[in-house]
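Chain IDs A, B, C, D, E and F follow the sequence of writing; residue 1 opens each chain.
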Amino acid sequence: MDEVRQQLAVANAQQLLQKMTDKCFNKCITKPGSDLSGSDRACLAKCMDRYLESWNVISKAYATRVQKDAESGGH
Amino acid sequence: MDEVRQQLAVANAQQLLQKMTDKCFNKCITKPGSDLSGSDRACLAKCMDRYLESWNVISKAYATRVQKDAESGGH
Amino acid sequence: MDEVRQQLAVANAQQLLQKMTDKCFNKCITKPGSDLSGSDRACLAKCMDRYLESWNVISKAYATRVQKDAESGGH
Amino acid sequence: MSQIDESTRRELDGFLQLEDQKARFHSMVHEFTDKCFDRCIGTPGNSLSSKESACLGNCVERFLDTTFFIVNRLEAIKQ
Amino acid sequence: MSQIDESTRRELDGFLQLEDQKARFHSMVHEFTDKCFDRCIGTPGNSLSSKESACLGNCVERFLDTTFFIVNRLEAIKQ
Amino acid sequence: MSQIDESTRRELDGFLQLEDQKARFHSMVHEFTDKCFDRCIGTPGNSLSSKESACLGNCVERFLDTTFFIVNRLEAIKQ
């Protein structure tokens, strides 16, 4: 049972990583240069933090909504 | 055999629903507010109708083309 | 073993074709008219050539990088 | 599956092939609608204008033309 | 799988169902974040502003409202 | 599969692993080309300019750098 749980956790982390990388690359690296500059890294760090924060805000909002819909007996 | 047919019909409906929801959400709910306003709903209703209409127009156009290509012995 | 190799080659070609068609349709056919005009075809031909060229440039760049990362013992 | 006779098997094969064809047709229509709706439909109105309908039809036709053009040219290049 | 008794099977079923539910929940959260991040977050700052947080919450809620609206209207049209 | 001896099995494993690696490599190249073509290529000309080629190479390199940066920082945060 722990195996199943771990496989799902890995899939979840991979999905997060892939979407976050795409989003932050698009937001921060608009003109790819010959290396990641200091300001590129600063932007990526902020973008990551905001993305993770957003994920948590959305996770809570969705959980609350699922709960509310269940209580009102669906839509 | 009816089971197969029904499974495919469900998959088809789900694909339609998912794409239509994405499209109309993007077209109509540009700034998500604290609820769906009357004008949001009006826009969604029109968007749905036009999307379904477009689906039918495209379905006919594609069927005609497949037919035509088959008659001319491929491309 | 040749079968496996061929299946993968087909999958690879299909992926290339699909992405290239999408990209070049978007770049060249901005207003779909009643047929492909001569300038549409000229644009598609150039777009294809540049896409294939880009694929090769990127393939080389990625291979070099994978090699480099392997030599430096990962990142 | 238990053994089934030849004619039943052939009928089943035909059924599955037809359903598969229909599923692929629908799947293509979903793709085309996804692509062409954005290109051809501005603010959704009370019905499709004749211009919008024509655009949708052309969008499908030209996308297929583009696919054939690219496939044929790829084959020509390869030789 | 070797034979297992009724209560173990039920426990396993419950476990798998719960994990499946969690996986689907997470998958939806990924989709929503993908959609709503672009709409609500401009240049990433040092923290989410209250306006950005509110936008994210509204984005999820209105997307779900939109889904229900469309499903209900589809059913109404069909009849 | 019928029984096969050790050395054949090892050879087969090696073959499949290599093909799998190649398939994953190609799949990444498709992804990168999809991403970087739009960023680096304007109106398609008669050949890639040196600026366009450099942009494509940088686009791949910086995307990989971004992935490593994010993975490393995620691990650092977790601890």
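Quick notes on this structure:
Basically, contacts are C-beta pairs under 8 Å (C-beta built on N, C-alpha and C of every residue); 3 or more make two chains touch, one makes a residue touch a chain.
What you see is a predicted model, and the numbers here were worked out from it, not measured in a lab.
Each step here moves to a touching chain, and the least such steps from chain A to chain D number 3. Listing every chain that touches chain C and chain E alike gives an empty result. Residue-number overlap of contact pairs with B-D passes half for only one option from C-F, A-F or B-E: C-F.
Chain centres were defined as the mean of their Cα atoms; on that basis the chain farthest from chain C turns out to be E. If you lay the C-alpha trace of chain A over that of chain B, the rotation comes to 120 degrees, to the nearest 5. Using CA-based centroids throughout, the chain positioned farthest away from chain B is F.
The distance from the centre of chain E to the centre of chain F, with each centre set as the mean of the Cα atoms, comes to 30 Å. Mean C-alpha positions place chain C and chain D at a centre distance of 22 Å.
The distance from the centre of chain B to the centre of chain C, with each centre set as the mean of the Cα atoms, comes to 29 Å. Touching of two or more other chains is recorded for no residue of chain A. Under the contact definition stated at the top, the residues of chain F that touch 2 or more other chains are 59, 61.
Taken as a graph of touching chains, this assembly forms a single closed ring in which every chain touches exactly two others. Starting at chain A and proceeding toward chain E, the closed ring of contacting chains reads A, E, B, D, C, F. By the touch criterion stated above, chain B contacts chain E in their complex at residues 17, 20-21, 24-25, 28-29, 32-36, 40-41, 44-45, 48.
Only residues 36, 39, 55, 58-59, 61-63, 65-67, 69-71, 73-74 of chain E touch chain B when the two sit together in their complex.
Of all residues in chain C, those touching chain F in their complex are 1, 4-5, 8, 11-12, 15-16, 19, 23, 27, 43, 46-47, 49-51, 53-55, 57-59, 61-63, 65-66, 75.
Against chain A, the residues of chain E that register as touching in their complex are 12, 15-16, 19, 22-23, 25-30, 32-34, 36-38, 40-41, 43-48, 52-53, 56-57, 59-61, 64, 68, 72.
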